[in-house]
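Paired with chain B in one complex and with chain C in the other, chain A is shared by the two complexes that follow.
Then we have the complex of A and B:
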């Protein structure tokens, strides 16, 4: 197990290195410089700034300097916003993380029961209704759903504000509109997982032992049925964080996404790279966590023996 | 038993079987019909419609902005010809030869715009009037500008002198107009060809911030969205199938390395990379296909590899090999056709996924650029703060059209999977 974790961590470092390298040289290959939009700069100041951000050195040297700083946990400084990237990310990632986490919770709390019921009552009107709803859910893009939610719950019923972020209450609509798609997808996964598991021998054995239907479903079947859901959680959470870029725009939330897009437009190298590094690290970590969670849910999966 | 006894028994091929199963799936057939109808509208409507959605409405004619759905109004296709009745055929036909040429039309356009700028109607522009021109000049000193344009030293800018800045594209616009109504292809318009003031008609989906008909915009958006969906899926098919087939066919170390690369790319935050690519290399529609296609081929590669891996040990591949068929021949003529079922299923499901990604990019302002539009770009306009609560039809119609299309595509994909892959069938 330890060996597996270590090898996965090493692999993650390679992945991160690939990402940083690719992003760095894509940014460098671009025409335009982060200083280009400041027309007022005189030559001396520009020179000074170039030196400060090492922009006067060859691209490869800049790359090495960046990697060196990164290894020490230094994400550099935003050239446009004139403050440390780590601080910007710390401030804005909060919003993205809250929205993303709540969206996943929403998705699980809605999707799993829905899929469970649909799977248990296969080919009944309940099943069709649940799966019809789920198919609608995976077909409505979140940037359409979000404005519709605003129209209904903010503009129509007046329960929420339509934008901004003053209190926790303002995170409910963004999280729900982001999580709806994943709730629908998880419902579909849970249903097909249930259908597969419920016919298996160990379920028959559990029933034969005389366990109550509730115990059979919740303790035995659900555990197996949730495997596909668990493996979906990692990528889903990552996708939810990307998707929150759009949600942040619709709800006017000052999250990570707007910093990324603006940073890319302004050629704010370190800000863009910082966001990518943090995001990728999160993604890699999530994938690892999901794979490890597998061993707890499915005893057959083991990473100890190399086959 | 009967005369048919000596005929060979005709088995059902996989495809005939799948087709039969698909026909029984009513939801999938309805979805398929919806997709066909939407595609037909998207292809045919611009050919028969008199609207040209890519013409933005001139700033001075803003009376039809944000009209709610069902409102009646004059189509504002070429508002400057239609909006003022005094520009009838006789007015435009300045040399009175019964024939309006592109030159005459463009001269008329220039006169109309000049008249709009000329507030006091004295036939020339002073500094104050020049300030209203919808153009940016190199300097803000309008007295100096007037002096610069004023070649004949009359103290103001007259029509001839204003030529360089009053409407710099009249010729092209007039040319489009003439070509559109020029029935006998004479290069000009006769009195009978010259369109009159059109009848008011309804805007079933309302109008947008520039007074454009939303229904027309939704149809044009469908063209781009569907095209991106198809072409990007094609790109992803091309890469994914080739990559997966090669990895599966050669197996061993080649396979291990190739699939490890796929694993690593899987871990990339690819949407961020696409955003980066779009920001940096401009936003050509071609790049959208390639960028999206290039990040969606991974799952396809995995599926094809798995198929090829299990197919390649079968007898027909051995037979082909012993006949001396080349590697490429075996992969493309024998293995891939036999893996077509899963490929079709996954490709059908890739189309809506890809359309969503294009919409995502367009929504962030990184996708197709004006004057082109897509459902994502339209939704982006409609979902901006202030617009969506006051003019909800701007988000509801494009968003609704998009959702219905995605719904149909997903349903069709599910149906195809049930039909082509009986093992995962629902019952």
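Then we have the complex of A and C:
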């Protein structure tokens, strides 16, 4: 097991290196300079800035300098915001983390009960209503959903502000918009899990024992039905954390995603690379965590080569 | 696209709920992006300016309206008859936010650090007006010890003497600009050129101080109790919320989270214009098209003039650009200068005649040209309208070429275009800010246009100290520019604002600079 983890960690480093290398040269190959302005920089000033960010050196030298700094944990400096990338990421990651976590909580709190009820009342109007909602949730992309939520809950009902981040309250709409898709997906997973489990022999046995329906469903059936949901949570959480780019833009959330988008537009090389490094590290390690979790959830999965 | 459309619906349908959210002694406003820096010597944008004008104060201070400049750190100033020497008398009670007095040396230090290249100053050209500035800078670039004395020195703590290389008739306007603000030398020596301007270290001398900065969220300013004129400052603070999306800015205004927002999306103007909070005024800026004069068929002045004459600007502004003013010259309207008339007109018959004279009767044989513009709904609308007019009036083949902002800048800089959309916002209230860039050697030219007579007129404009004679020289230069037509003016920019009706002391002005020290709310 330990050997497996070590080898996976080493693989992760290679994966990250490939991602950084590819991203670096793609950024460099993109036309346009981070120092370009409609009012052109003074030549002497431009020269000063080029030297400062090593932009006057060949691309490969720049790459080596960047890798060297990265190895020491230095993500460089944002050309546009003129502050260290690590500091910018530290400040903004918390917003993305809050929204991502809340979106997952929202998804579970909405998705599981919805799927449960639908599964128990299969082929009734309740089931159709729940699954209809889920279908809508899975089909509507969040960049459509988010403005609709603004229209209803901010502009229409006036319960929330249309964007910005002053207090926790401002995180509700973004979290809900982001979590809606996952809620829908979880509802479908729970329903099909429920349908499968409810026909199993051990459920019939539990009922035969004379247990109340409530106990049968909540103590016996739900546990089995939620297995697919649990294994979905890992990748979903990673996707929610890194996938909030659009939501952050729409709601003007000062999170990582906005830096990713603006950084690309501004050719702010180090900011974009920094966010890419963080995003990919998150994805790689969350995937590793999920793989390891399988061994605990499902005894049939084992990563030990000797067994 | 979808997002924009839906946001527009969301915003358009929202009802105005009034400014309940902002306390009465706080003025809340939108900021279009994060300020790149709080160092006035380094900054170059309007967003940075909105912060800088409130936390710093220069020798001379911009007025709330279009009136004369107001005293700032300098109580008064004198100009020598030859226009070369300025003497500023600093007030004794001007203090930095840490209690240190603001002295003439602070200005000397602030200006010299740019020339010494201690910082990468984007508006370094403003300090190059100083006597011997260029020679000093050349020595610095060559890595030598400068042997010259630059024309800025203090005579005691309260007198600053400035000598210029040649007369700069609008120098007081330059002194008002944030590039010329003082910086706190002791902080820089303690923390370094950059860290001294970090929110936790920054020391400023304006009516407000920087209290808090959260990236992509807000810049919060609070009243500086040490400011010499603190008694007349009525606000407790200014909250600047960073909101990038223009529709979201309007939504924030409707939510009651901000009292002022500017540049609302063009497609909402018609709706917004009916509201009490809407204010519009001319801005010191021109929207124009560049012609690449090095590339046939645009190397022929007759072709350039024909293209300009075929554009019906009045129609364009009425139909597609609500409230914009059709351009009649290149220099945007400003007090103290009248542009030549009759050079930017709509005359399709003359256009066809010129085109025929250039060898393309009825548009025959005219090669396909493309209009280059950067990605934006607004630029596309204008380009399409002009494309239609050219095709209709001149029977020529015109294509559209849309590029992302930074790609567009590169393409234009490399002269790899036929016709390109452009815009210019004046840095100071003087025609020179629109005219100097068309000198053959100016790096903002980007048209290939070079005319020795034009360069001579621009130089003569500097040398002339009599305002009336100088105006005539600059008019001559503008006439030459519009006759040779490397640029085709389209319309003048307008400033559009939404200002809460309870806000007082907020005036429209051509510089679009609004100091919190004059503002209060009822």
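We adopt the following convention: the second predicted complex is superposed on the first by the 260 of 307 C-alpha atoms of A that agree within 3 Å, B and C clash if a C-alpha of one lies under 4 Å from a C-alpha of the other, contacts with A are read in each partner's own complex, and residues count from 1 in each chain.
Here, a contact is a pair of C-beta atoms (placed from the backbone, for glycine too) under 8 Å apart; a residue touches a chain by one contact, two chains touch by 3 or more.
A quick note: this is a predicted structure, and the numbers were derived from the prediction, not measured.
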Combined model on chain A where chain B meets chain C, clash or fit: clash
Touching partner for A:135 - first (chain B), second (chain C), both, neither: first
Chain B versus chain C as contact partner of A:22, first or second or both or neither: first
Which superposed partner A:55 touches (first chain B, second chain C, both, neither): neither
First (chain B), second (chain C), both or neither touched by A:143: both
Chain B versus chain C as contact partner of A:293, first or second or both or neither: neither
Which of chain B and chain C A:97 touches, first, second, both or neither: neither
First (chain B), second (chain C), both or neither touched by A:238: first
Which of chain B and chain C A:42 touches, first, second, both or neither: second
Touching partner for A:158 - first (chain B), second (chain C), both, neither: second
Overlapping segment of chain B (options 4-12, 94-102, 148-156 or 328-336) - the one that collides with chain C in the superposed model: 148-156
Common interface residues of chain A - those touching chain B in one complex and chain C in the other: 143-144, 146-148, 150-151, 154-155, 162-163, 246, 249-250, 252, 265
Complex contacts: residues of chain A adjacent to chain C: 31-34, 36-45, 48-49, 52, 80-83, 88, 91-92, 143-144, 146-148, 150-151, 154-156, 158, 161-166, 246, 249-250, 252, 254-255, 258-259, 262, 265-267
Complex contact set, residues of chain C against chain A: 2-3, 6-7, 9-11, 13-15, 17, 34, 36-37, 44, 117, 120-122, 124-125, 137, 141, 194, 198, 214-217, 241-245, 248, 251-252, 254-255, 257, 404-407, 409-410, 413, 422-423, 443-444
Partner chain A, residues of chain B touching it in the complex: 264, 267-269, 271-273, 275-277, 279-281, 352, 356, 359-360, 363-364, 366, 376, 379-380, 382-383, 385, 388-389, 392, 395-396, 399-400, 402-403, 406-407, 410-411, 414, 424, 426-427
Residue ranges of chain A in contact with chain B within the complex: 11-12, 14-15, 18-19, 22-23, 26-27, 29-30, 122-123, 135-136, 138-141, 143-144, 146-148, 150-151, 154-155, 162-163, 192, 195, 238-239, 242-243, 245-246, 249-250, 252, 260-261, 264-265, 272, 275-276, 279-280, 283-284, 287
